[in-house]
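Each of the next two complexes has chain A plus one other chain: chain B in the first, chain C in the second.
Presenting the complex of A and B:
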């Protein structure tokens, strides 16, 4: 069952909404929890055990940290001021140990289930290279849906409890719902406890506004998924699977289409997820903010998969750059290379850790690690060249705020993103490099007509073009901070309903679904 | 809240009416590929004269690759039609049965067993129900080929298939049959939902006066003893006649080195001839079908046979 499955949209979701609203407020969180477990079970069946273990670890470790912190506070009240620091350090060491241990437990589960194959294969290759006559047996595990997402949520909860940003939740039900809420379990967004737990537990009644706004958002997401993602899929499969048969021009088309597909797929699911949550009165964090309007790669990553970016920022980048070692490096470097480049060294070290993890988080293959390193290098170059570029702009009197300059930056960033996604989708690093080589050394427009032999026709291309233009216009309006949904809500009922009907009919009529259609699995659900 | 529910109901009603109107436009106006009909080979039965088909077969590609109605006609004068479609699920079989049994009164309906082990996900029947209520869901892709006739034309079924649903496969790709039908006491569970659909189909056929039987045609890749055991047990429980042609391998003697089109998935034409021969003998023994060879009302069967013979490919 996926979010665009007719069973989900026409049966599961309406039934959950109905039961949720019929029951008294105090029981509504229970409806959400039971439906979340049912949803999880429908996809991963017995593997739900991993979700339950994660919830258990969160609960026990959270309560334990809370207890130790409580004991510390009592102790601090009793003792003299001069001993307070010592007591604090003693108890903090204990809470840190619990947080570290539980995080290791959570990460171990993720690593064993997700990376056993990758690690085993690479270790065996290394043994082979070193001529060590040992071959490890590589176990195969089935992965529960969303493990990469809910594990990060669980870690953020425990770290936040440890850092006393939040209190450990004594209510196991609320904690279980926070980690398993069915719309977000498959592809996120990666929520913080302080973002959603309370809203989920409160069980706000569905209102006219939440229902219509949520439905609009769901329809918008479905438009992206059903009108574009599966329609262009045959072309992408053909190009990426048989790239040796094509020249660089066709490979470039495949690269652009895959980036479009990935964006439409992931942001489409996010629209559906956020829309569903809205119907239940829960405000989920946004995961996309018009990423293709970014002027730099750093900015791109603050607009694309935002919740993953902020997670890495808060739980890897800051902790690494604030380690004593990094602070020492910064202090020394400041003296030698100044106030801009000095702190940059520690920042680059932290960035390296972030992007290595980011690459690995996406999958167990070297191409994903390359994808992470590619962005690390781009961001590092951006940071290193920032002062000279600024100086150059001043000297040449180029206005960096002028539209042509910003447009040039956006186009440059988009092209760099395209290249990154080429490696992301390619079947292995070698294929990625070969495909990139084709684009550089063998580019031509000669084979463009072959696209029509790959399972799409002129009507499909026109349709995709129209939808992309429509989504671009909506993105521009959003960028200008125009609240489209509110603008629609302000119109009279005739215009409003006509718009809804047009959107629904467009999805039903032009959607890619039905007999003979093999749907692309939600791309990010596999990470 | 009441106001909200009322608004919601009005909204859905209007939407439903819009979709019904669009469904009427998009519904194919004939049972042919050109008109946009899905599974047109199977649906060509709608172009057969009313009440002239005595045996109908439902199932997936195993059925349409293995059973040759014109051979049954040639050997025994039996009239049959294979309403099988690629990957036909049981909800699809039920749906096609509902359409085809409207103007045909077969004496026997056969369900090919492979379909009983196809997808049993709840989404299959849900989609099927949606397609039935709103055909736009099934035929939405026809927006690309709409013509004026789709807006003003009547629905008619004039498309006919001289091969009566059989799909000719000539390729030879040998199969490894070393482990084919190795005896076993184990059972491969039949999906619960599929059992429900088989019962539904059986009841509906019997209501329409047709005997219902399950036949498993030979396939190295798709059949084994575990499935045989499970289906035998189920058929006994439900009082359904079950013939497993895989179990009769010594009698039918498919040569898997030559008589399969795709490494044991489907039999090719020589294999299908052997399967149909056995099926014909079985039907003959049952003595429930009439020989229509001398009936002038069935002359079109002779014409269809001549059409296929004239293609020169086979028969």
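Presenting the complex of A and C:
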């Protein structure tokens, strides 16, 4: 069952909404928790045990940290001011050990389930290369759905408790719901405890506004998914599976279409997830903010998969760049090479850690590590060249705020993103490099017509084009900070419902249904 | 406060720090600027900013940042 399955949308979700609203407010969180566990069970059955273990670790470690912090506060009240620092440090050491131990446990579960195969295969290759006569048996594990997402949520909860940003939750039910809420369990957004836990537990009644706004958002996501993602899928499969048969022009089409597909799939699922949460009165953090309007790769990653980016920023980038060692490096380097390049050294060290983890988080293959390192190199180059580029612009009197310059930056960033996604989708690093080589050394328009032999026709292309143009217009309006949903809600009932019906009819008429249609599983659910 | 604004202007001089309350939200200060800022503040005001304090609420305006510095100085 996925979020676009008719069973989910036409049976599971309406039944949950109905029971949720019929029951008194104090029981509604229970409805959400039971439905979340049922949803998880329907996809991962017995593997639900991993989710239960994660919840257990969060609860026990959270309470333990809280208890130690409570003891510390009592002690601090009793002693003189000059000893307070010493007591704080002593108790901080204890809470840190609990936080580190529990984080290691959570990460170990993820590493064993997700990376055993990759690690085992590479260690065996290394042994072979070094002529060491040892061959490790490689265990194969089934992964529960969403483990990469909910593990990050669990770690952020424990770190935030340790850092005293939040209090550990004494209510096991609320904590269990925070980590398992069914709309987000598959693909995020990766929420912080302070973002959603309270709203989920409050059990706000579904109102006319939350229902219509939520449904609007679900329909918008469905449109992306059913009108674009599945429709262009046959072309992408053909090009990526059989790229040796085609020239660089066709490979470039595959690369652009895959980036379009990934964006429409992931942002479409996010629209559905955020829309469902809205119906239950829960405000989820946004995961996309018109990423293709970014002027740099750094900016792109503040607009694409935002909750993953902010997670890496808060739990890897700052902690690494602000370790005592890095602080010392920054302090010394500032005096020698100034207040831009000085701090850049610590920033680059932290960026390397972030992008190595980002690549690995996406999957257990060298192509994902390459994907991470590709972005690390691009962002590092951007950082290193920022001051000279600024100087050059000042000298040549080019206005960097002018539209043509910004457009050029957006096009450059988009092309770099396309290349990154080519490696992301390619079947292994070698294929990725071969495909990239074809685009550079064997580009031509000669085979463009072959696209029509790949399972789509002119109508499909026109339809995809119309939807892409519509979504681009909506994105431009959003970029100009125009609240489209509110402006639709302000229109009179006739115009409003005509728009809703048009969207529903478009999805029914032009959506990809029927015999022979293979729906693409949500791409990010596999991570 | 004046010295803090000078430090902020050295990092990004295109902002009115007296009135701006969205330094992080509007990306006037990015993650690299935060590291520069932390290093400059620590040197200038003899405080250490723990990572737990690196949150938008403390960095969105010069006023919020100044409050953070004063609080850290008091805590010693």
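Everything that follows uses one rule, which is that the second predicted complex is superposed on the first by the 527 of 527 C-alpha atoms of A that agree within 3 Å, B and C clash if a C-alpha of one lies under 4 Å from a C-alpha of the other, contacts with A are read in each partner's own complex, and residues count from 1 in each chain.
Assume a contact is a pair of C-beta atoms (placed from the backbone, for glycine too) under 8 Å apart; a residue touches a chain by one contact, two chains touch by 3 or more.
Computed from a prediction, not measured in an experiment: that's the story for all the values here.
Participant: So, does A:283 touch the first partner chain B, the second partner chain C, both, or neither?
Facilitator: neither
Participant: Is A:10 touching anything from chain B or chain C once the two structures are fitted on A? First, second, both or neither.
Facilitator: The first partner, chain B, only.
Participant: Between chain B (first) and chain C (second), which does A:383 come into contact with in this model arrangement: first, second, both, or neither?
Facilitator: So A:383 only meets chain C here.
Participant: Which partner does A:322 contact after superposing on A: first (chain B), second (chain C), both, neither?
Facilitator: A:322 sits against chain C, while chain B stays out of touch.
Participant: Which of the two partners, first being chain B and second being chain C, lies in contact with A:427: first, second, both, or neither?
Facilitator: neither
Participant: Between chain B and chain C, whom does A:339 touch in the aligned arrangement: first, second, both, or neither?
Facilitator: A:339: touches chain C, not chain B.
Participant: Where does A:299 make contact in the superposed view: on chain B (first), on chain C (second), on both, or on neither?
Facilitator: After superposition on chain A, A:299 lies in contact with chain C alone.
Participant: What residues on chain B touch chain A, complex-wise?
Facilitator: Answer in residue numbers: 3-4, 7-8, 11, 14-15, 18-19, 22, 38-39, 122-123, 126-127, 130-131, 136-138, 140-141, 143-144.
Participant: Within the complex, which stretch of chain A touches chain B?
Facilitator: Touching chain B: residues 1, 5-7, 10-11, 207-208, 211, 457, 459, 497, 500-501, 504-505, 508-511, 513-515 of chain A.
Participant: Help me check something: in the complex, which residues belonging to chain C touch chain A?
Facilitator: Contacts found on chain C: 10-11, 27, 30-32, 34-36, 38-40, 42-43, 49, 51-52, 54-55, 76.
Participant: Which residues of chain A touch chain C in the complex?
Facilitator: For chain A paired with chain C, touching residues are 85, 163-165, 298-299, 302, 313-314, 317-319, 321-322, 327, 330-331, 334, 339-340, 342-344, 346-347, 383.
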